[in-house]
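Below are the C-alpha cells for one structure; questions will follow.
Going by the order they are written in, the chains are A, B, C and D; count residues from 1 in each one.
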Amino acid sequence: MARSVARVGIVANPAAGRDIRRLVAQASVFPIAEKRNMITRALSALGAVGVNEVLIMPDGAGLTHRIVRALRAPLPEGQVWPEVRFVDIEPGDTAADTLDAVRLMVDDGVGAIIVLGGDGTNRLVARAAGEVPLVSLSTGTNNVFPSVREATIAGLVAGLVASGKVTRAEACFRNKVLRLSVNGVPRDLALVDLCSSPELFIGSRALWRADGLDQLFVSFAEADAIGLSSIAGLVRPISRRAPFGLWLDLCPLERASRVIRAPIAPGIIVDVGVETVTTLTPGAQVPLRLKRGVVALDGEREVEFAPTDQVLVSLAEDGPFSVDIERTMIVAAQHGLFVRTGGSEISAASGAA
Amino acid sequence: MSDSIKALTMPKWGLSMKEGKVASWLLQEGASVSPGNEILEVETEKIASAVEAADGGILRKIVAQEGETLPVGALLAVIADASVGAGAIDAFVEEFQKNFVPPAEGEEDAGPKTQVIEVKGRAIRYLKQGDGGTPLVLIHGFGGDLNNWLFNQESLAGKRTVIAFDLPGHGQSSKQVGNASLGEFAQVLHDVMDALSVPKAHLAGHSMGGGIALEFALAHPGRVASLTLIAPAGLGAEINGGYIDGFIESTGRRDIKPHLEQLFADAELVSRQMINDILGYKRLDGVDAALRAIRDKVFPGGKQAVVLRDRIGTLAMPIQVIWGEDDAIVPSKHAQGLPPKVKVNVLKGFGHMPQMEAAAEVNKLIEAQLG
Amino acid sequence: MARKINYQQAINEALNQEMTRDPTVVIMGEDVAGGMGTDGEQEAWGGVLGVTKGLYKKFGDRVMDTPITESAFIGAAVGAATAGLRPVAELMFIDFMGVCLDQIFNQAAKFRYMFGGKAETPVVIRTMYGAGFRAAAQHSQCLYPVFTHIPGLKVVMPATPYDAKGLLIQAIRDNDPVIFCEHKVLYTLEGDVPEEPYAIPFGEASVVREGKDVTIVTLGRMVHMATQAADNLAKAGIKCEVIDLRTTSPMDTDTILESVENTGRLVVVDEAHPRCNIATDVSALVAEQAFDSLKAPIKMVTAPHVPVPFSDTLEDLYIPNAAKIEAAVKAVMGKKG
Amino acid sequence: MQLSKADLLKAYRMMKTIREFEERLHVEFATGEIPGFVHLYAGEEASAAGFCMHLDGRDRIASTHRGHGHSIAKGCDVHAMMAEIYGKKAGLCGGKGGSMHIADLDKGMLGANGIVGGGPPLICGAGLAAKMLKTGGVAIAFVGDGGFNQGTTAESLNLASVWRLPCLFVVENNGYAESTSSKWAVSCDDFTDRASAYNMPGISVDGHDFFAVYEAAGEAIKRARSGGGPSLIEVKINRYYGHFEGDAQTYRGPDEVKKLRETKDCLMLFRKRVEGATLVDAADMNKVDTEVLALIDDSVKKAKAAPKPTAADLLTDVYVSY
C-alpha cells in the first residue's frame, strides 16, 4: 500500500464570538481557551486516524501562543499527534489572514479544513478553499452554516476524508452560495443570507436590528435557524440541497403583506414586514432596490455602497464542499474502520491510503 | 446634734458642677454672719463666685483650707450661735465627715433637673426650683441660657417657685425664632406661663430678657406682679454692636474670648469652660441663623430697634432696674432719668452680668422687691 | 437636649442626622447593613460592631453593602464625591488601608492640588483603629500617622462621644477628604451629647484639663489614659494640662505651644508606633518653636516598635497606660518614678 | 448607523485635533522644553472619539497616563491643556498637574491618572452618583491593557456589576504595557473573556475603525443609560509612539509603526470611508485640517510665552479650607 502524506488544515477565528451581539443581544461568549481546547481535541483525533501533518492558521490574538504551549507539554498517555505547522502568513488579525492562510493550505494539499468559527469565518474560508471540503464547527450559538459538534469527532472525520479512508463522494456535499458583484466586479459571497439595509456604515459589522432591512436573499432557509435566514425559513423552508434559493422584499409592518415574527439574533425575536417572496433561481442577477446603504453577508455588514454603484445579487451552485459528519462516521462504521481485531491496529489509524 | 449648728457646704452651681476649689475666705472665724453674707470665694471650671450664708450666726469653724478642691456637698465651715460649745462643734464636724459620701463619678444628679415642654411647636427647656407663692420667672439675654441664673435661682427659690427657661434659639430650646422680635419672645413667655399654669408671676429679665419682660408687662400688665430689669434692653438705643457681631462671628476659643471678656468687669471670670460651653451652644445647628435673625431684628445696625422707656411709667406694678456701672454692652446711663417709681440700683465695679458677678447683691435686691 | 449616649451611638446619630438633612449623603462599606443577599435578617449587622445599625432600615439603598473589595468601594466613594454625592465609606479596620491606599492618598488626597484647585472631594472614610481587643497585628494598629503625613487629607481622632458626633458632622459637611478614626475600645464609652446636630471645627484642640506644671498632649483613646494619670498625679500635687488634639491634620499647634509656654514641660502620649508618629511630630514642633520655654527634656509615651501582639499579657504591656504616663510626667518634673 | 454631516465633521475634527496635538508634542518634547513624562495617544484617536461623541455634560470619564486624547474628546480646552503640559500657570491645572494629571471636573473629565488602574474605582463612584442622583449620566473608565490586569480593575468590574452601575470599562489594548507585550502579560489573551466572569457583556471592536467603535460605544452607553448595567469593551488598537516620549521602543518590530500608519490609520480610514460614500467632501475635511493645525500652533506659541506659576502658588489648592 503506497503511503502518502495526509494533511488537514485548521482555521480558528480568534475574534469569533465577541462581536456587538454580546452587548445588544444575549449572544454566547466563546472563550479563546475553549477554542484552544477544541483544537487539541481535534489533534488527538487526527493523530488517532493517522493524519501526519496539520497546518494551522497563526493569529496575533493569543490562540497560536496557546497552541504552542500545548504542543510543548507532554502528550496525554498513549496519544500520537500529527506534526503541527503554522502556515506562513504574518497575522494582521483581519479577514485577509484567513484568506491567505486557506490559500496556502490549499496549495500544500490539505485534504480537509476544520473551521472553528461562525458563519462569517466559514464565508471567508469558502472564498479560498476551492474544492477542499470543510468540517465546520460552530464556536457559539449564533450560526447557521456550521453545526455545534464535538471537535474530537470533527477531527476523526476530517482525518478519514483527508486520508482517503472515506471517499469524498461518500463524505461530502456541495453548498449553494450567494454572490455579490459591484459595478460588474465580483465582490464577495454569502453562504446563507445576504441582506441590504440603508445604514451608512459597516460600523461594528453585526446586524441585529430588523428596522430598515430592505431585501433579504437566502441560499437556504431552515425553519429552526437563528439569524436573518429565519425570516425566510418561517415563510418557506428551503433545504441546503434544494436547487434554488429565496428572495424577500421587506417593508415596514404597516405596508406588509405578511408579518413574520422571527428570531433574528440570539434573544431577539421581532416582527418583520414582508412585501413579496420570490424564488431565486441560479444565475439570475437581481439588482438591489436601495441606492445607498450597506450589504450584510451572513449577518455581518461588509459592503458599503453609494448611489454611483451598481450592485447585483445572484445564486450559484458551486459553493464550498462540506463534510457530512454524521454520514462519514456511518460509512466508517460500515467499513469497520474502528474495529480492532486480535492484536492489530484499527484500519482507521493507518497511514494515508 | 443641735439644730443650731449649721453646715456650710460646697455649693452646686449649675447642673454640671462636680467640685469646687476654695479660692479665699472673705470672713475669719468668729465673724458674725447674716443670711446672704458672702463668706468665701469658690472657683469652678466655669466661674468663680462667692458662697453666701443661708443662715445667720457666728462663723465658728473653717474646715476647708484655701487651695483645697472639694466635691459638691463637702463641708466648708460651721456656723452656730455663740452659745454652742466648742466640743459640740468638733463633734458635729466629726459626724459630718464620717457620713459624707461625695457623689460618685457618673452618678445621676439627685438635684433639680431641667425639663422640656412643647409650646406651640417649639421645645422649651426650663428649670423649676422651689415651691409656692407667686412664681418668679427668669429671662436670660442674647446668647445666654438658663444657666445665666445659676447663682440666683436656688437662692431665690427658698420662698417661692422660680422658673428659668431657655428662649427659642438659645440653650437647649428649639432654634426656631419666628420673626425674632422682642414681641415674638414676649409671646413665647406668655405661652410658657400658660403651659406651666402660671397666671401671674414676678419677672426678672437680663439684657435682652429685660426688654422681653418689659414688652410682656406692657402687653399683659395683669399677669406681672413685679419687674426686675437687669442691664436691660429697651431703655435706650445704644448697645455694643461690636459685641453682638463678635459673638456671632467668632468660631473658636481665641476669637470669642475677647468678646466674652467685655461681659464682666473682671475678665478673669471668663474661664475656659465658659468659653467651651458657649462654643458648644453656638455650634448647634440652627443657632447661628437664630442669632443672626435676632441681631437683625432686635439690634439692627448696632442699635436697639425698640425703646420702651417712655412707656415704663404707665405700668403699675413695682419695677426695679439693676445695672453694673461698668456695663460695656448696654450702657448703665440708660438707668438715668427713669420715672421716679422705678427703683434704680447701679452697682459699682461690675459689668454686664451683675447677677453672676454680684450674685449676692442682686439676689438681695430681687428678694427685697418680691417681699 | 444633652443626654448620655455612647461613642458608637453618637456616630450613628451623626450619620442619621446628616443623612436626614442632606439626601446626597450615602454610606457604603462591608456589612454596613449586613445580611445582603441572604434569606435571613435584613440589616443583620449594621456594621461589624453595629455602629451603623438602623440606618439601612431608615434610608434604604442609601446604605450600601459592598463586596470585600476595598480598592473598589473606597475608590467609588472618592469618585462619587467628585460627582455630587457626599459618601461616608467605612474602611472596617484601619489596617485594611493596605488594600486601598492608592485610592486615598494618590487619588482623593491629590485631586484638588493636581487639578489646580478646581476639584472638591467631600468624602469621609470612617475607620476603626487601636489595640485592646486582642485582635492581633492586622486588626489593631494605629496607622493614623500615615494619613496625617499626606497633604490633602484631614485626619480626625475623636476621644469622646461629644467629639465623635460633632467631628463626624463636620467631616460630612467638610468639602475635603476626611479620614475619621474611631478607637474600637471607645465605642462603649458614655458621655453627654446634645440631641441636636452640631459641628466641631477641625484644628481646634480640646483642653480637657487645665494645669500649670506639665503639658500632656495626646489624642484618641490615650486622652482617657492621660486624664487618669493626671488625676493620680494631682493627688501628688502635680497639675497636668491635658490637651486632646482631636484632629491631627489640621493640628492645633497654637494650643500646644501656648500650653508649653505656660508649663515648660511636655509629655506626648500616642498609641502609635514610635517612629514618625504624632508624638514625634508634636515633639519636633515644640523643640523647634518653644525650646526656650522648656524646663526639661520632652518625654514621649508610645507603643513600642513592634507589631501589636495577640496574647493579652503582651497586648497589655504594649498599650501605653496611665502608669507609664505618670512615670514620664514625674521624670520631666525631675522626680523619681 | 446614521451620522449627519455635522457629526462626521465633528468626529473628524476631534480625532484630527488629538492627532495634531500629539504629533506636535512629539516634536516639541524632543527640544527639551517640555518637562517630565509625556505619554502620547497618537494612533488611538478613534477610540476616544468613538466613545466621547456620545457623551454630554452628565457623563464622566476617567483616563490613564495616556490621557490627552480622552481630555480633548471630552471637551477640555486645548490651549489650557498645552499650557499645562508646559507647566504654566495658565494651564488647565495651574501647572500643578502636568500631562499625567490633566483634568477638568466641570467637563466631566475626572483626570488622566499617573496610577495604572487608578481610574476604574473612581468611575464606579461616578456611575453610582449618576444612578443615585438620577441624572441619566454614564461613567466610562478608559484603561490600558496594563491597567486592566490591576486588582482595582477586577474589583471595580465586580462592584459595578453587583451594583448594576451605568459604567463602561473600556480596555484600550494597544498591545504593550509599557514595554511588555499584552500577549505575555494578559492571562486570558482576550479581555472580553473576563466579562462573562463579571456577568456583563464583553465585546471587541477594531479601534482603528471609528464607525465600529462609535456604534459599539453607542449601544453600550444606551444600555447603561437605560439601567442595563455595565459593559466591557475591548478596543484593539495601536500606539504610534513609545510608552513615554524618549522610549527607544526596541521591543517593537522595525517597520511596525510605519506599516500601521500606512494600513490602519484611523484618520486615513475615516476619510476614505466618508469620501467614498460621498458623505463629506474632501474640501470640508481639508478645511478642518487647516483649522486644527492653526489651533495647535497657536496653543504652542501661547503656552511657550505664558508665565510660570510663582512661589505664591506652591502652597495653595491643597484643601478647600484648612
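The rule we apply is simple: a contact is a pair of C-beta atoms (placed from the backbone, for glycine too) under 8 Å apart; a residue touches a chain by one contact, two chains touch by 3 or more.
Because the structure is predicted, anything quoted here is derived from the model rather than measured.
Using the contact threshold fixed earlier, the set of chains in contact with both subunit A and subunit B is empty.
The chain occupying the central position, as judged from C-alpha centroids, is C.
Comparing chain pairs A-D and B-C by the number of C-beta pairs in contact, the larger count belongs to A-D.
Chain centres here are Cα means. That of subunit B falls 69 Å from that of subunit D.
Distance between chain centres (mean CA atoms), subunit A to subunit D: 37 Å.
For this pair, subunit C with subunit D, the centres built from the Cα atoms lie 40 Å apart.
Of all residues in subunit D, none touches 2 or more other chains. In subunit C, no residue touches two or more other chains. For subunit A, the set of residues touching two or more other chains is empty.
In terms of which chains touch, the assembly is arranged as an unbranched chain of neighbours. Here, these are the chain pairs in contact: A-D, B-C, C-D. Subunit C meets subunit B in the complex at residues 1-2, 21, 162, 166, 190, 194, 196-201, 204, 206-207, 210, 254. Residues 1-3, 183, 186, 188-190, 192-193, 195-196, 201-205, 209, 211-216, 219-220, 223, 231, 233-234, 236, 263, 273, 276-279 of subunit D are the ones touching subunit A in the complex. Residues 106, 114, 116, 123, 125, 172, 175, 251-254, 272, 276, 280, 283-286 of subunit B are the ones touching subunit C in the complex.
Against subunit D, in their complex, subunit A makes its touches with residues 14-15, 18-20, 22-24, 29, 31-33, 60-63, 65-66, 92-93, 199-205, 292, 304, 306-308. Across the complex, subunit C meets subunit D through its residues 24, 26, 61-62, 64, 66-67, 69-85, 87, 102-103, 106-107, 110-120, 151-152, 154, 174-176, 203, 250.
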